[in-house]
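Here is the structure we will look at.
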Amino acid sequence: MSLHVRSLTVGYGRSTVLSDFSLDVGPGEFVVVAGPSGCGKSTLLRAVAGLVPFAGSITVAGQAVRGPSRDRALVFQDDGLLPWRTAVRNVELPLALQGVPRTQRRARALEWLGRVGLTGFEDYLPRELSGGMRQRVQLARTLAQQPSVVLMDEPFGALDAQTRASMQDLVTEVLDGTTTLFVTHDVDEAVLLGDRVVVLGTGEVERRRDAILAAVKA
Amino acid sequence: MSLHVRSLTVGYGRSTVLSDFSLDVGPGEFVVVAGPSGCGKSTLLRAVAGLVPFAGSITVAGQAVRGPSRDRALVFQDDGLLPWRTAVRNVELPLALQGVPRTQRRARALEWLGRVGLTGFEDYLPRELSGGMRQRVQLARTLAQQPSVVLMDEPFGALDAQTRASMQDLVTEVLDGTTTLFVTHDVDEAVLLGDRVVVLGTGEVERRRDAILAAVKA
Amino acid sequence: MRWVLRIGSLAVVLVLWQLLTASDTRAWLRFDQLPTVVEVVERFAVQIGVAEFYHDLGASLGRIMAGFLLAAVLGVALGVVIARSRWLGDLLRPPLEVVRPIPAIALVPIAILLFPTDEQGIVFITFVAAFFPILVSTRHAVRALPTIWEDAVRTMGASTRQVLFRVVLPGTLPGVFGGLSVGMGVAWICVISAEMISGQFGVGYRTWQAYTVVDYPGVIVGMVTIGGLGYLTSAAVELLGRRVTRWLPREALR
Amino acid sequence: MRWVLRIGSLAVVLVLWQLLTASDTRAWLRFDQLPTVVEVVERFAVQIGVAEFYHDLGASLGRIMAGFLLAAVLGVALGVVIARSRWLGDLLRPPLEVVRPIPAIALVPIAILLFPTDEQGIVFITFVAAFFPILVSTRHAVRALPTIWEDAVRTMGASTRQVLFRVVLPGTLPGVFGGLSVGMGVAWICVISAEMISGQFGVGYRTWQAYTVVDYPGVIVGMVTIGGLGYLTSAAVELLGRRVTRWLPREALR
Amino acid sequence: GTGEAASGDEVPVVVGYQSKTINTVTAGTLLRDKGFFEQRLAELGKKTGKAYKVTWQDYDTGAPITAQMIAGKIDIGSMGDYPLLINGSRTQKQGDQGTRMVAVTGYNARGALNMVVVPPSSRARTLADLNGQKVSASVGSAGHGTLVRALGDTKVTVENQQPSVGASALQSGNVSALAQFVAWPGQLVFAKQAKLLYDGAALNLPTLHGTVVRNPFAQQQPEVLREFLRAQLDATKFLHAQPLQAAEIVAKATGLPVEVVYLYNGPNGIATFDLSLKSVLRKALKDDVPFLKSIGNIDELDVDRFIDDKPLRDVLEPTEDLTNPASLGGDPKTASEVWFDGAAPEPVASPAALLKLVRDSGKKLRVAYVPDAETGTRWFAEQAHWVRSGADLLPFTTEAAAAKRGAVLTFQQALDSVER
């Protein structure tokens, strides 16, 4: 599904974070969003997710974004797990909201937990997991939801190189064909995963790195 | 100050995370701690900070660790800022606890905020700051405290390459001569900052990388 | 060991009371006219042999439970609604806030005139007593709820109702259980006012009756009974609260 | 606009009451014997011309404030202590929990016997009323406090006292203010019980006296006065609470 | 403690009373309003050189007054007969620290201070009609005692409620009848919220209210007690001399309608005000003890020890005479009183004459009082039940009593049938 951001302006009362920002993402495109700390990357993702009020327009598959929807899932930069649910029950949550029957959703959630390397930790509460483990539970939860647009805010920030590599493989495989906005500070990761890199900055410059990417991927 | 960890064992009820782990850090040494997600890096740092009960012994400058102290500051992996205090008042906190007079401590806090690139954000509450900005406030707070042992748990995980580089410079400068345990997943960062890298893993192997480091730093 | 301390502390209080009252201590506070523990225990021993005593217990427990359960359901529901809907909050808060401080005894005539039977009036008063603490605590708990959990489930496509049941209710449980515990206590502290209507039985009724004939050991037996029942019911609420809020980080430290 | 809604909602309640009582409605609930709004307003008009009315207001406000302030200080302090010290918790909770449900009216005879002056007894009862909700809410708020803030300041070398004042108190303020708001309400709902001791003046005393001559408009004037005073004092607590908890994430959404 | 706390030259005196129990006004509401006690203490102060500070405390029942007396915080109190006995029994343990009954405030020699009323729509005519129904009473009060004694074999469920709670219950229909003491029955009947079912006078057992004093206070401040009794006598005399004015004072202070206060405290009223501790009244108190013991309200009480008439003897010569000093003149068995709107109450020789006057005068009637033809209980003419007896028309307080004498007429029917 294609995503179009037009003249997006987001402010938090005392400061305007994004102003007149535009971005077009084609169906199934994987766009990496980069930029200095505090430039508005998370804000952009939250706007697309429908979680902050904005001026301008955001459309997904021609439909204007007015609020959150299950089609646009967000992996939060901060810990977005529900602390009273165990790991597996956190992953089950989107399935439960979609009305998947109880036994089926547990099986699927366990499978996703396995794919992020957390078999054996399904009954742990978030507070009993390490930072990187919580990030992976969040990832599993979002993948289980199978949204048509995925928004990821530094999903691998707390992972060691090896785990990160296997998560990258997972994402590449699962999100193939899914429109994705992916925030990362890791240049290698950007190059590896992104079809394109958008750099937010003081002037919200967009830099095409297609050439580089094509060379690397080849 | 030298730090000695001897036969450290930490468990959380259902699982033993570190068992019989030992580590010696010389005075002023900068040790990078690495290892796969969930291997116990944060646990190690919390044990040295005196925040979790443990078996075995930890000594700092010959003194056994029995609980937290202002000599062993910890930059938390999760957000450790007090949400009801503005950025500058969070940085002032360790100074206030040390009894620094009000005007002086504000000036010093503002200076530290400036050094982490947050001038102009001093009156922002934590919830009004981006993830990377909050990490930098935490960093400023810990540096302002001037402890003799610094424990940092992925302090730059949410920073873009450029900001990260300037923070690395800052840390190198300020913590010169301070005993430091530093958790990071970034190999470049480990190589750049560390005098030595300790890899925690299934067998808690310690690998000396002094040779490599010496080559790079030269 | 912990139980020894707990029971020991109650024992110390009793011994202190006995000493103060038996010696007719009069140092600013005046214990000289209060009944001694021994007098109260003697009366208690008589009471627990009387069938009427258990009838009173049962009646009061039933009334309190009915009023409390009603209050728990309505208090939590309205507390959430008021905290989350600006519109409904503006609409419902003013009348509720004005009614909230109205004394339970002042409701006695209203309850009698309004309700067809005495029991309904009694349950109504215990309901009102428990309702407001639960409402207010729930409202405050909802206000203090972090926003990220709600944001998370909304991007999973949760409806307003699902947000309420999946996030708001579980997330506010620690605060809500604080309110339920307080509400249970307040329901008991109003049991006398409520049972003034009764005219026949109930622990509160019996206690007030003892006072109208200035029978102090009787009053204290009533107070102790109410204290005991209140303790048990609050302890049940607290226990349940602890069970459903095991996920709190501080629970790992116990 | 918001104020229109707020005042409008009170007006709707009044109109409804007038309609139900004036038409002597009797449909399960029975409004036929209750006074109409007009009767009450007439009586109110008379009351506000009487100097005694203001004397009563002042006396009750003073008593409530004294009891409430005492309760706020002691309730928060003990709530924190009980939640944080296992030892003191085990020691203090059993006696406190048994005393907590004791009805305010049941304390009347005790207060008369225990305190040298009536005013002390009255303040004691309002104190007890407000104390327990504040204690329990504080205890629950401390229990629900995230551990990381405390860990953070402890690695800065904070003493136990500093942890209390820098982390526990500010961090629990949202819950504590919930408790203060409830406590204020409960103090008012016990004002009649407390002022039963008085025998001379006070809004609660006057309301009960009106009831002893079955003067329903007088009772309702008393209830409305108490409702109004209670509303104002709770609103003051809530306003203060809002000011000191501006940092809550949800406050950004208002 | 007030008496013993007397420090320096200021002597505090705390008086507890029940404004709504209008049978005690001479030791409470009226006494306070007229300031007789303060005046007498001022006189006394000139002799002793001390200042006296009186605090008045008004409660709704006798219980808090007794509680405060036990705590040593009220020195002089007034209450009804059963609360008096409870007061005596509770403080008896304290021995010399206890209380003493020192005077009567008012009494009714036949017991008409207690009555049973039913809602206006009730079909009950006698107590027996209440069989199996709920009756509200304050257990351990004089109203309850009257009910139990009068019920005989009739089985009712007694709902033990405070008087005001019982009144609400009666209005809402949650109880079928209310058995209470002054001024509840009169007030409810006057407000047309109830009608009289049973008049306590039918039992012919005296009921009374009285004054109690804390013994330590009486011993330390005997002259203050004496002045209190003198002041109570002043108030009693004032009430006898100016019954209407006294009723108006009490009505204003309590919020009760003046017509109701005047029913009880007016000339030939239901309450006879006299301080004397008459032997019939002492006996009545003693006879009440077994009843209170039977319902478990008191353990034991030595009434003779509790009653102490020495202080009173310093003040007046006690009398055994039972006639009401506040008289309407004429034959007390028939003397009636009519009160037209805008005029003062005026005596009428008989109920029949009263009817004639009301019908012929054409003036608007405010209220009229007639004595029950049998018991002499003063009652509202409009709420009385009338029976023709030859040329005469006789009023009765209850329908049951009237029905025994013939066809019962309402006030309006009686007015229409009185001879021109």
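Per-chain residue numbering starts at 1, and chain names A, B, C, D and E are given in the order in which the chains are listed.
Operating definition for what follows: contacts are C-beta pairs under 8 Å (C-beta built on N, C-alpha and C of every residue); 3 or more make two chains touch, one makes a residue touch a chain.
For reference, the UniProt names are A, B = Nitrate ABC transporter, ATP-binding protein; C, D = Nitrate ABC transporter, permease protein.
These numbers come from a predicted model, not from an experiment.
Undergrad: Going only between touching chains, how few steps reach chain C from chain A?
TA: So the least number of steps between the two chains is 1.
Undergrad: By that same contact rule, can you tell me which chains touch chain D and chain E alike?
TA: Chains touching both chain D and chain E: C.
Undergrad: Quick one: compare the interface residues of chain A with those of chain B and tell me same or different, with half as the dividing line.
TA: same
Undergrad: Counting only Cα atoms for the centres, state how far chain B is from chain E in Å.
TA: Centres of chain B and chain E (C-alpha means) sit 85 Å apart.
Undergrad: Mind checking the centre-to-centre distance between chain B and chain C? Centres are C-alpha means, answer in whole Å.
TA: One centre to the other, that is 48 Å.
Undergrad: Please report how many Å separate the Cα centroid of chain C from that of chain E, as a whole number.
TA: Spacing between the chain centres: roughly 41 Å.
Undergrad: So how far apart, in whole Å, are chain A and chain B when each is placed at the average of its C-alpha atoms?
TA: From the centre of chain A to the centre of chain B is 28 Å.
Undergrad: Please output the residue numbers of chain E that touch at least 2 other chains, ranges allowed.
TA: 67, 70-71, 164, 168, 171-172
Undergrad: Using the touch rule from the top of the page, what residues of chain D touch 2 or more other chains?
TA: Within chain D, the residues that touch at least two other chains are 30, 33, 108-109, 113, 148, 208, 211, 245, 248-249, 252.
Undergrad: Please list all residues of chain A that touch 2 or more other chains.
TA: Residue numbers touching two or more other chains: 12, 78-79, 128.
Undergrad: Please list, in label order, each pair of chains that touches.
TA: A-B, A-C, B-D, C-D, C-E, D-E
Undergrad: Quick check: in the complex, which residue numbers of chain C touch chain D?
TA: Interface residues on the chain C side: 2, 5-7, 9-10, 13, 28-31, 33-34, 86-87, 90-95, 97-106, 108-110, 113-116, 129, 132-133, 136-137, 139-141, 143-148, 174-175, 177-179, 181-182, 184-186, 188-193, 204, 207-208, 211, 214, 216, 219, 222-224, 226-231, 233-235, 241, 245, 248-250, 253.
Undergrad: Can you check the complex and tell me which residues of chain C touch chain A?
TA: 148-149, 151-158, 162, 166-167, 170-171, 173, 245, 247-249, 252
Undergrad: Which stretch or stretches of chain C touch chain E in the complex?
TA: Residues of chain C touching chain E: 30, 33, 108-109, 112-113, 116-118, 196-200, 205, 209, 211-215.
Undergrad: How about chain A: which of its residues touch chain C in the complex?
TA: Interface residues on the chain A side: 46, 49-51, 67-74, 76, 78-85, 93-94, 97-98, 125, 127-128, 145.
Undergrad: Write out the stretch or stretches of chain E touching chain D in their complex.
TA: On the chain E side, the touching residues are 16, 19-20, 55-60, 64, 67-68, 70-71, 73, 163-164, 167-168, 171-172, 187-188, 254-256.
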